[in-house]
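In the two complexes below, chain A is the common chain; its partner is chain B in one and chain C in the other.
So, the complex of A and B:
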């Protein structure tokens, strides 16, 4: 049998064609019953670590559902997750979304960053594909009469105002009323959104925002800013920031003996993070944080945490909780729609009324804009090296320590 | 002859094929065209005049913000806002250019100053509430209105950016054969010698700066209309500056088609590596990086430089 000679050109051509085919939608599509869900997350780039936490949550939920018989209303169809990587770039968000839609996903989940979400939502809207926002907080993402955008987690406004509310209720109960608030936030979209709401909410809750200091994530030092805060004599210091900056702020505040009743993180990436707490026991004791969380009273939540720990060898985080919940919201809608048709799925999502979940809130329901009407952050406090829920009262697992002696100066 | 035939064929494909492409390929093609366009705009200053700007995001951002603000606040159609942005960007380019060239900043010093100008504008935008600060500006999704640079599907956007890219290439071609083009190349090769032979280096460089920043700003407006959201980190951030110069350098800085060729190679390489190595986060970015390293170390004059050198090598 003559051996076929494969010249370099033929080889390259074949490889190229194969690659092109791989990228083509619809070619080699798996047969059998499956429902395709696509995610677009920044799995490479500066947010890769956090994106992975979300991805773990998605996978855990998908495997759980597939393990107990898939989507029953669709004859036990299995859920398949199709990957998309945005690298935190707007144009990649768009093209990855378009690719996944071409590949027949019935819903898209992502994209972590609000910046990317703005343009992706136009792609999903034009293609009539349900888009479940994950981790993107900007309030106006659901505005503009969009029909296919849904958000389970609290948006920026609920996050900020409900956290301030929880904090004030707690302060009143501890008979240490709060009059003066200082705020420091990173100067990007996330921090500025939080800062704007804390400022706008002052009148309603009756506090004075005595200092508002936006800062750059690149700042190596916050002594000047915190000295200004100290001079303004606030009762509370609220901080919206990412990991590194929030850590330096807490350290510097301790060094300056800042003299407030409490340090309160607002959707803070560090103050309720298990690793941060473990590495900084002294510093983190009694820190508050209003954040995305699970319901500690829910037995199901405890089971999910155990399953996560077993599979990934780390503690489930709030990113994972949100992602896990989104999959179950989609599954619930698929069951009710009894179809993987995007439009039918969208209508079912709009009628969601899901009580069996692990979030610290009542049933998950969406309003006309696609926001979860009952979305609530939890108020957490670090006690004995662990972030525990101290508010709202019905989900609380511990009594708050307030005012915090250490920060009191 | 063969080159012209290939060029004509490619152009024909670019004109005719897109309506038949799936959404994903159209998205990619629009990205390619936008990057190619930005590369072509950068190429005039960076490639022909040899002034490596690391801060073209400044002009891109001015373009995006000018047209968007005019549209959102005063209802001026972005088609006009685009020109206004271009003029403003050119004015800013002349200002930044005059300051840098007047004080004899060359090479890396010029590059650093341009980077600083872009960063400065970013910080100003972050701290100015009137332009949306860090929250950026959303162009509300509305009914299609071609008069207002809003189209129903992706296809019209594609043809707009295709036309812009062809325009930039045509301008570059005209430039190459003009007195300005010859002067710029003379400046690039040896500025002192050029001045000694009577080339008005400052004036010529400023002209290149104005043209390059004007064109870059138009790209900014296109970006804003297409992606419907701008913020300081996206439009004034270093990523935009790098995108433009990367296409030009890989494709061949100082050649007419270099930036477009660069875009047609770089974006597909990144997409292909992603398609082939999906699920292993990060590996595709390494492959992309490897391709960049190989191109830059083996083809220092870019792909076009390699193509134009080949016949000579074949003869020897």
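So, the complex of A and C:
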């Protein structure tokens, strides 16, 4: 349908141009009073729910900052969020990013999909606009000598290797060392990246990857796959997946009495998700997950959670925590740059050293590629209907239950 | 890696899932047989039925299986309405336009669900959701067994309906010889609507049957829709019994593929089967359908 595509492009272009024109006088008037930040998120489409969680986090941080006098170094300028919808589509990501840059945002935040991010970073690089990655985990997003891409959260590699590390230390402490690992992951970019790291890390940590099963997200049944896992007698079953597939896998594993010491999510969209836990109490009990999280020891984190709960009537999730943090990283850089100029902001971001945050890590600092050098996933376990941090030890709020008796049935 | 236990498990899982594929595909096949359109909105209708099941369970505590009494007829009527309002006016449009029409309808329904109920995943967990037993060394999950049995019963009932009742005979007549049927005084417009309604009713029943072991989300229909297309091609477009048998073949191919091959190759097995059948037996394994 070439004709339909052209007409949509024309349409988008027209809308973008019109919006940009409409916004121009606003830029002039608002200078010194407002700092525009743009987000590009899949706010419609299959990831709309997750995108909304991020959006809530962004909004909460922005309103907090504006409520206590905005960006002080800019005369109390207020932060304004400008919306962009990617629908998980590369071409929409690019056009929305270009539109927002035209509208004068000094930084872009988003866009969930690594595929979209990979393409958008060319747009932000060309326009010298800082691009704060959100929920996009592919390792290669910061590669290629880019200057404007920054990522606060752990990338795929640190997510996978640090989670395996955390599991290992915990297992050793419980005198039930891990020797055999099975991995199931969705066969898209996210799952495959995680699978590759778990496979590559086997030699370093000294475990055997006895089964590695990529699967299609849309598959309605995993009994055959899990029977194979069971037959391979692993100590751990590691799962990188989204919500529905992860649910069915955990359920089937329980019914098969899969016989592992633990079911461990790796950046899993379900296993530490409060809604999933609330909907599946007995199933989720003692599930592990290595994931983005907050620091439960931080009093500030507790305050943010309370504020979020009050405003949105639900529990702040890791998507929200990441989004919230990104706004504060930007705010910190804006204060130090004392300017909303994109280049000055970029330089200030590169010099970030932010200790006051709610993540389970030391100060937020970026290396030359824009990766947060101290980024760490937390190791979580569901206990009494709640995901609690059980590792790394200095952030832990509870003792792990390991090995988990119920998987042996 | 290919022990007898694994093989048995694969057969059991494949058969259980195959029944559901068969029922979803039966509706699709019937719609194709009578209306000569490929209904891309089939999965979306299933999704709506799953939401209906969910809400009946969540708000009124209606058991998912019991809710079929309500959702089945309701979706039959909804199907007739969709046919009357959306499909029928475009009856004489070019085939690719009708195809795009049902695709558009699917996108509309999915996005409607997204607006109404967000992308949020929902689960229905009745008391028996976890019930299971072992057959030899193979795990049999009770909800999946019920779904398969229910699907087969429903498909057989439908088969009987098509064979024995006047409306059923009219449907078959229309599938076989549209002009002849019209000349014989069959109310073609009404029968077309009834056929679409039955197709929607079938997929609604399938939706209710899978809800206890699945999840509900706006794009959930896709999981079954794609497979249903494969099944329909396999069984022969418009061939009703072929659809049910094709369901079992696809279910088995999928689970045996998962057992024998590494990773996501199981989908490859199914789609390879799809391409092979299209290449060598374009009329399907059981012959091109004429409402049989």
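Operating definition for what follows: the second predicted complex is superposed on the first by the 376 of 409 C-alpha atoms of A that agree within 3 Å, B and C clash if a C-alpha of one lies under 4 Å from a C-alpha of the other, contacts with A are read in each partner's own complex, and residues count from 1 in each chain.
The rule is short, and it goes like this: a residue touches a chain if its C-beta (ideal position, glycine included) is under 8 Å from a C-beta of that chain, and two chains touch if they have at least 3 such contacts.
Since the model is a prediction, treat every value here as computed from it, not as a measurement.
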Exercise. Aligned on chain A, chain B and chain C: do they clash or fit?
Worked result: fit
Exercise. Where does A:247 make contact in the superposed view: on chain B (first), on chain C (second), on both, or on neither?
Worked result: second
For this session: Would you sort A:256 into first (chain B), second (chain C), both or neither based on which partner it touches?
Result: second
Exercise. Between chain B (first) and chain C (second), which does A:231 come into contact with in this model arrangement: first, second, both, or neither?
Worked result: second
Problem set entry | Partner chain(s) touched by A:127 [first = chain B, second = chain C, both, neither] | first
Problem set entry | First, second, both or neither for A:87, with chain B first and chain C second | first
Exercise. So, A:219: does it touch chain B (first), chain C (second), both, or neither?
Worked result: second
For this session: Check whether A:187 is in contact with chain B, with chain C, with both or with neither, and answer first, second, both or neither.
Result: both
For this session: Report for A:49: first if it touches chain B alone, second if chain C alone, otherwise both or neither.
Result: second
For this session: Name the contact category of A:356: first (chain B only), second (chain C only), both, or neither.
Result: neither
Exercise. By how many Å are the closest C-alpha atoms of chain B and chain C apart after the superposition?
Worked result: 5
Exercise. Can you list the residues of chain A that meet both chain B and chain C?
Worked result: 44, 48, 52, 187, 214
Exercise. For chain C, which residues are in contact with chain A within the complex?
Worked result: 1, 3, 5-6, 9-10, 12-14, 16-17, 20, 111, 114, 118-123, 125, 130, 132, 139, 141, 144, 210, 213-215, 217-220, 222-224, 226, 254-256, 258-259, 262-264, 266-267
Seminar exercise, completed: In the complex, the residues of chain A that touch chain C are 44-50, 52, 187, 212-216, 218-225, 227-228, 231, 243-244, 247-248, 251-252, 254-256, 275-276, 279-280, 282
For this session: Mind listing the chain A positions that touch chain B in their complex?
Result: 19-20, 22-25, 43-44, 48, 52, 83, 85, 87, 89-91, 94-95, 98-99, 101-102, 115, 118-119, 122-123, 125-127, 138, 140, 143-146, 187-189, 191-193, 196, 214
Exercise. Hey, which residues of chain B end up touching chain A in the complex?
Worked result: 22-24, 26-28, 31, 34, 126-127, 133-136, 138, 140-141, 153, 226-229, 231, 233-234, 239, 271-272, 274-276, 278-279, 281-282, 284-285
